[in-house]
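First chain written, first letter: the chains are A, B, C, D, E and F, and each begins at residue 1.
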């Protein structure tokens, strides 16, 4: 487990990212993920810039993006990521019913993924033609 | 690779599922996934009933469910599933810009999942308390 | 893709392993996996010795071991391994009905694995006590 | 972590599933997995019906199915599932020697899966022809 | 499969990235990965900037970074990534003997990862204390 | 969780492996991984012989091999393996800056692996020709 760089121990470079996180998210705290990344300021800065760009409202709304993030995190078995993105999704309006349906889809997709691979199903011509 | 059970070679039990797939989806064909599962009628029937239940409109709309399905399939590296659910998502209105944003979120989630694990980030008390 | 070392191009060291594979398996050919590993004779020899030890009859019979091998290979999405171990399992008596049930279990296990992780289910005291 | 729905807090719909689990398994308790799924009764009911169908005696015996379940769960790194299905397998007669051989096969299969992918081994014509 | 944006069909924004790829790598061509990302110029630009930063010489030399990239790609079963990073590693001096040892380490790590999980090995106090 | 076989409870066969581990590593203790494998002496012996062979200095130096081991372990989400191989890598001279760059490469490789799969990028002719 990496040391967590708290705000009072952070360099100016790290603190600037923490401040941007708090301002962008309109919150008064920084979660542990960033405090761990702060052990390597270039990674902290790069990942934060990436998250700001990729998770911003766009053709997909921010809540949908959080649901997708949860789907990846559950499939990869990342407990931290499930906890943090479930919190983010709830903050963006996800209901418990939506979470339950999300988990059901994730479960079934993992099942049919293995069935498609196990049966060696060839991609249909119509799917290829549509690309 | 499993044999694909075409409609003209299907038993009445299999054919009934094929007909329900076509009626439910308002389409005139059945894609290869189902023709492979038809090698084992109980699995064919069970998976189709599951998909009908889980992918139906609910607290989450059908397009969001397809996006989640793609996220799982890309993370699991299932080419068949990516092809079939990308086609389904497009049929439900997914634009190319939405697909591009979806893939960007999937990519970043896979990156930060590994960073959270690699740094061994402990779950924040606030996330635990919120559950 | 690595070059495949055919028997007529193999060193004495590699050939000795090929001969042992054929003798142990009572067959007249060597499949591509070994011809690829032959690019690095220490790996070829080590993996073959490992397979001979681990897949031999023991507390579990050889067919059960092949079914487990298929389960891992489908979960990892390894097409070569699915093809080769499905062939091995059939040679050891696996029926098509058994293969279908195997794939059904693999699919459901992948689904419930994700549900257990997604819901963050804590291990029951009784399971811990039983260990 | 989801709330666990204990029997005294369960709806009639959930309780009916709990009773069927206990009756089918001839046991007096329900493990946490089901109490977590009970947050979404349609998922609870669907997964229980699926497990009853897929894990029932068939062309494969129930113990073999449990071994396959463990193989998938170890490969997916699902601690809950490893604990619960190891308990189920022991209840169905799995010995410690069988568990040790099972883990050995799982380990080696994961190793050779990566070697087959890393060397890019092409599927042998004989394997394709046999399908 | 996404369309590949060839240089003669690329926008000025995309072309600028292609030119930077060629200049940075001292080569006269752009591989398909970038031509696929060019379907979404913000992703193309972001990933290229990320790769330039992360894969640059630093505390780890560029060849070691390529070996790590191959290890991840083999574990994730990404054929494209194995092909492209094996080519990059060879261009940076990787020998066939080094590749063979790399694949052996990847294989064994995947095996022992599953054994550690399967046996549920607790982290040693000395490892925790050292962090 | 498997029982850990301590030295004072080990058979002569197990003890011989423990002694070889300590002598080879010039250390006075045996970490939990081996104490868990000792539940099945043939696996203990086989894995230790494998590790000795594969992790020995060769065309790749031992530190590079540890970095690759960490990359696989992070991608597979094996906490035990991350802890033990991070300790091994540090003992072989890995600096904190090297660890940070290693984690950055692992993260980015996981991201681009999914992008390559998600976009369905075909392998370039030049990469195929080079093999």
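By our rule, contacts are C-beta pairs under 8 Å (C-beta built on N, C-alpha and C of every residue); 3 or more make two chains touch, one makes a residue touch a chain.
Going by UniProt, the chains are A, B, C, D, E, F = Carboxymuconolactone decarboxylase family protein.
Predicted model only: the values in this text are computed from it and were never measured.
Number of steps on the shortest path from chain D to chain F, with steps defined by chain touch: 1. For A-C, the equivalent interface among the listed pairs A-B, D-F or B-F is B-F, as over half of the contact pairs agree by residue number. In terms of the distance between Cα centroids, chain D is separated most widely from E. The two sequence copies chain B and chain C touch through a face in which the numbers common to both fall below half of the numbers used overall. With chains reduced to the mean position of their C-alpha atoms, the one farthest from chain C is A.
One finds 27 Å separating the Cα centroids of chain A and chain F. Once the centre of each chain is set as its mean CA position, chain D and chain E turn out to be 34 Å apart. Averaged Cα coordinates give chain E a centre that lies 19 Å from the centre of chain F.
Each of residues 1-2, 39, 42-43, 47, 50, 54, 75-79, 97, 100-101, 103-104, 106-108, 110-115, 117, 119-120, 128, 131 in chain F touches at least two other chains.
If you draw each protein chain as a dot and join the dots that touch, every dot ends up joined to every other dot. Looking at the complex, you find that chain D touches chain A at residues 39-40, 42-43, 46-47, 76-78, 131. For chain F in complex with chain E, the touching residues are 1-2, 4, 29, 31-33, 36-37, 39, 43, 47, 50-51, 54-55, 58-60, 64-65, 67-69, 71-73, 75-76, 78-81, 83-84, 86-87, 90, 95, 97-98, 100-102, 104-106, 108-117, 119-124, 126-128, 130-131. Across the complex, chain A meets chain C through its residues 70, 74-75, 77, 79, 82, 103, 106-108, 110-115, 117-120.
On chain F, the positions that touch chain A within their shared complex are 77, 96-97, 100-101, 103-104, 107, 120. Residues of chain A touching chain E in their complex: 1-2, 42, 46, 50, 53-54, 128, 131.
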